[in-house]
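Two complexes are shown next, each including subunit A; its partner changes from subunit B in the first to subunit C in the second.
Now for the complex of A and B:
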């Protein structure tokens, strides 16, 4: 009898999809597995591979108790294939198939569209692990190192999740795409990852936190919209991935928060109230708020680019086909077909930023981006509260959505963080005020010294209020293998 | 579409292409200015193209041959970051009239053919370097090149997504070149043409869709090395200096277009245009040095360029004129002399280029979907190259014996060596071979007539003209012909003429124009593509096309 809630460990691959009785797919996945393990082993420095990391492993897809914590060597982590429980009689939530039973098999006419979406999503998962591969060497604490590795193994599992769908539902093409996911690699000249933000460097821990806050949040929005998919296995996969993704954003928000906290505490202690007194603040071994703002500007705008063109035929097709919905599709009060609706989209006319109503169906990306901007604003507010509480007059801000964009309507104009169109020369002149400079990077890099003793934290980051799994902050989250 | 579409390009004002010269290798970069479309209402995103982009391409290809004969290899590539070329602009196609679509398609096809002709005629080899998305018309552009290099970045692919995406065909030679030129196995071609995302990497090479797949980090160097290797083994003779193609002298009047060697009279009420070609007014250049010194002013070249432009103008901007009448006026001996210099020095690069340009222009005449007729009046000069027009047109009428109050020299037709294979049609045969398909032995008899001016009686007997009429019948017969022609359905005329003009063997070229584009033009009329719920109309809305599932 198939147990669809508890994870079965009877094959090499933990799963709740009855893999042991699905010999064909099991065989395909087991064939793919060595390539994956090689990829992982080549990626993360060896001493970390040998270390015991206090990780959570999914043991169930029951939202109330899905994970257990224990020490694991990362290469022995049980990357599993886990789908959220099936919803009985689930119906397609949008588009021209609205109300029809969700598909349990891939509809032939949408095979390529589905495959492309899954490949693009799948390509981001290992991409971020590649970007973060060397961060263990400069971890500001064992707690943070453990969080990094947790995020990494879960991104690895997300890759597994996408690969499972490719192998199970997309035949030989799918298997080839699964192989290619291990061929492309972040920042590679030979075969880069598909999306720009996943080819950028993650050179330091502040970048990592910003990345998990902003870029993983794009991932969350994409997963939310794929969770609406009429293709039920994709929907169930994404729903379960979202439970893990929440932790990634938690790492991001608290990571930036703790960085700010350390800065505020150091400033208070030294009696500095001017947040722009950068050199003095930096001398305290913490990162000044204006530099944090610059980092924020960079990662936020790179993440906005991930939403693609504001007006997009592909997005329209996917929505109409019932393949990809909107954020919280079911809670939206409209006909879920959008054939006669409009949605306001920004555009540039005669050097001015305007909004124009366009057919809502073609504005799916824009809408998702708007939802993202709202979602991303939450953490900023909480950070600003900390700053205000410390009595420092400074406010972090999300820059205007037109600032520093490579994709979409804003890619052809230079926009400052306040949303004014400026000349390209003016923009270039002020770039250093808005985005991290080489010197900023060098300074942050100088703070990136590893702290490998339990309970020890680097100067630039405050300890967490509570640890993971209700363990204290000085818990030995990683038993380092120091060979 | 009221604005006149101009086929002449000022090379200094190019919007969409740039050329970089490196000795015998030229790099031709496609860099489409998305805001510089020919019409309003669409943006040329992702290196997509419209007729304006293609007009510039045709000009580049032409100038490469005349102005840069030192170039042996042209590398066609993209200046854009992640895209090679997304093909014809779909919004432009969706909003264009049927007539514009058909004209666009024909012109782009003719231009693709000139890429191949450059190698065949002059040894100028177009090769293609594909990095980024290469879809639809983008891949068709690559197909028109003779060697395709694809980067192996595990993302870049070649694709013909027209069928699954738009419910139309890859109609710019795509289907035909995949099977006839690339010789892709037909079942693999079937798969390839049904998947939107195309084929990438090694498989593209295995399926013969590309010639080589180059690791991404070595791509630029690999392309450069390949281009230089092709240049080193090129059979194209070394030429150091080309000639400049000077702007055409043209004047657009209300009911006429006046060129230096051609008058086009527009008879709108009669729905016809009369193209009068004026023979050379000076003697032929004495030798190739003199020919080169005359450059683009020499009559043979000037006339070919002007005729080409006139035909394109009529096709595109005067679509209500269903009948084109050719007239010539001048001294046939001079036409023969001008042509003879080129024939005698056909191994000289410029002489060869001019002869080959005439071949292309005459093909353009063959391909023109208007009723074509040639009038061989007294004082005309249907000799050699101009005589070809007699067998390009659907019918010809010749003045027989002197006409009253007409003191022009008696009408004659004069054959030259060139009529026996210099200006081959798309079917690979000369116009005479095509004309006398049922009597190949007559061709030998015609050869004996080279150099002799043939009067109307003789020309009619030899089958070189349709009818010879004397003073008494001429005017009436011509009037009857015109009136009859004007009464027929233009569609039936187009179909009938296109079928009768191209007797003989199929070639890739005839298959493109006769099979591929004919099917495409049928699909362009069908609701499944262009109806309000058709896939082409709905493209970009997110709503799928609705198909009538009956097979026709």
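Now for the complex of A and C:
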């Protein structure tokens, strides 16, 4: 009898999908496993591989048993294949197959579309680990180092999840795609990762926090819409990934928040009230708010590009086919077919930004992006409350969606953060006011010194309010291996 | 006057609005607006499903209130309200909540009294799950085995019972207890209350990777539950509650040195501690010390297996109070014999002291520790209080 709740350790790969009785897939995964371990070993610096990290590991997908905390060496982390429990008699939630039983096998007519979506999702997972590989060397605390590694191992597990789907359901070309996921590499000239944001560097910890806040949030929205998929194994995989993804949002939101907190505390202590007194503030060993705003502008806009074209027939086809839904599809009160509905989409006519109604089916990307913008705004509000509480007059803002865009209707025009179309020259002239400069990057880099004493934090970041797993402030989240 | 009740709240300053709790709640007690995620006090039944899935820890907040905060009040929170100076009637005032079940809270408060103050978990202990199963919603376990641990010629019948939880998630840590519900009703026709037993297996199961736990139970002459448990046969079904207890726990820090002092079935949690260490850090040296008392070797549970544990892994001392042709010896006598080692250990920050067994052992052990501390130039009361505050001094007696 297959145990669908508890994780099976009877084969090399922990899983709740009955791998041991699925010899073909087990063999494919076991063949893939050494390549994965090599990829991991070549990636993260060796002394961190040997260190004991206080990580949570899924022992079961049941809410009562899935997150157990303990010290583990990262290469010994139990990556595995875990799917949320099947919903009995689950039905397709949208599109032309609405109401039909969810597919347990890949429907032939949608095979390529599905494979493409899974490969793209799978490609982002190792991509972000590659981008963040050296951050351990400059961790502002053991607490932050532990959070980084937790994010990394879970992204690694998410890669496993996608590889499982490819190998189980897509035969030979699925296996080839799985192998290629380990060949492509972030920032590589010859074989880069598929999406732009995953080829950008993550040079410092503020970038990491901004990345987890903004870019991982795109990941969350994508997973949410794939969790609606009529292809049940994909839906179940993504539903379980979402529980882990929440931790990544947490690292981002609190990381930026704690950076701001340190700045506010240092300003108060030094009696500085003018947030634009940048040099004086930087002399305190903290990051000034205007620079934080610039970093925010950069990462937010790179992440918006991940949503693709506002009007997209690919997205329409995927929705109509029942392959990919909308954010919280089940909570939306409409016919879930969108044959006759419209949705407002931004466009540019005669040098002006307008919205016009287009068939809702073609505006799936736009809608997901709108949901994303709302979701992303929540944390900004929280940060602004901290700033107000400290008595500093400054407000962080999400820039206009047209600002600094490479993909979609705005890619052809220059838009300032307030949403005005400006000339390319004007934009270039003011670029340094809006986006981080090399000098800003150098300054942030100068603060990136490791702080490896339990309970201590680098100057530019405040300690967290609550420890992971309710641990006390001086808990040794990573027992560093000193070679 | 209204009776105070416990209310589940979410810390709005820590919560990041990922709504994972809301999606996990099986009965729809959690909802959100654009700023806060809140718990409906009329619906929440403390099932705890939302606790482990929260990435931030903001979910694990409790207030004792006379009138629960309404949803509107919770939506308006910028930060969590302070705890007013009221307590649940049965609460002994510990920092960590040991159980959500009033009777169990009282039992554990009594068992931990010997610590001399509020019991605290070791700083590096894993976070325990408590009260996943209660009397109204017990877990079903199947007996996998029941073995007599003491010699047939011994004075006591102590048994090693293995319970298989099957597919029921039952995350229990070494040192925690579970409740066993004896079947049937009492003289007044009411169902029996559960009895508490420390688990004697480590967190990953009596057998690693298996969802089973073991108990160490002594048959008491008139004991309703102990006779029930000691008579269980393979295949019998048992109703289990818990896990309970959030302070008498094993530090995760492999450097922590455990001084474990026990008598009889008080050895149960220490078997769990030792097995956990054996599985996690089998190469560890000089970080476990066991002082174990019984009437005689025949009456000492696990005497055979214990002798096989190498001395470098765990220093073991046995005290026998009824051994033939030998003077009566108690655990405190052995502590005094080892005064130099124990005294040196107590001076370090690595030392974690655990005392477990019959209430009667408490006084003697504390006196011995007091003398040892004094001869090493330390004030025992001060030392004990500091160790307790730091989660390094634990007593569980019954």
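The criterion applied here is as follows: the second predicted complex is superposed on the first by the 481 of 483 C-alpha atoms of A that agree within 3 Å, B and C clash if a C-alpha of one lies under 4 Å from a C-alpha of the other, contacts with A are read in each partner's own complex, and residues count from 1 in each chain.
Just so it is clear, contacts are C-beta pairs under 8 Å (C-beta built on N, C-alpha and C of every residue); 3 or more make two chains touch, one makes a residue touch a chain.
Remember, predicted model here, so these are calculated numbers, not experimental data.
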Room on subunit A for both subunit B and subunit C (clash or fit): fit
Which of subunit B and subunit C A:96 touches, first, second, both or neither: first
Comparing the two partners subunit B and subunit C, which touches a greater set of residues in subunit A: C
Which superposed partner A:361 touches (first subunit B, second subunit C, both, neither): first
Which of subunit B and subunit C A:247 touches, first, second, both or neither: second
Contacts of A:194 with subunit B and subunit C, given as first, second, both or neither: first
Subunit B versus subunit C as contact partner of A:398, first or second or both or neither: neither
Where the C-alpha centre of subunit A sits as vertex, the angle toward subunit B and subunit C in the overlay (nearest 10 degrees): 150
Which superposed partner A:381 touches (first subunit B, second subunit C, both, neither): second
Contacts of A:69 with subunit B and subunit C, given as first, second, both or neither: second
Subunit B versus subunit C as contact partner of A:468, first or second or both or neither: second
Three-chain overlay, closest Cα atoms of subunit B and subunit C, distance in Å: 30
Touching both subunit C and subunit B, counted on subunit A across the two superposed complexes: none
Subunit A residues touching subunit B - in the complex, by the definition given at the top: 96, 112-113, 115-116, 180, 183-184, 189-192, 194, 313, 315-317, 319-321, 338-339, 359, 361-362, 364
Contact set on subunit A toward subunit C in their complex: 3, 5-6, 9, 54, 59-60, 62-71, 242-243, 246-247, 249-250, 253-254, 378-379, 381, 385, 465-472, 474-476
Residue numbers on subunit C that touch subunit A, as the complex places them: 11, 13-14, 16-18, 20, 24, 34-35, 48-50, 52-53, 55-58, 60, 78, 123-124, 126-127, 129, 132, 167, 169, 171, 203, 209, 211, 252-254
Footprint of subunit A on subunit B - complex, ascending: 152-155, 164, 195-197, 215-217, 539-544
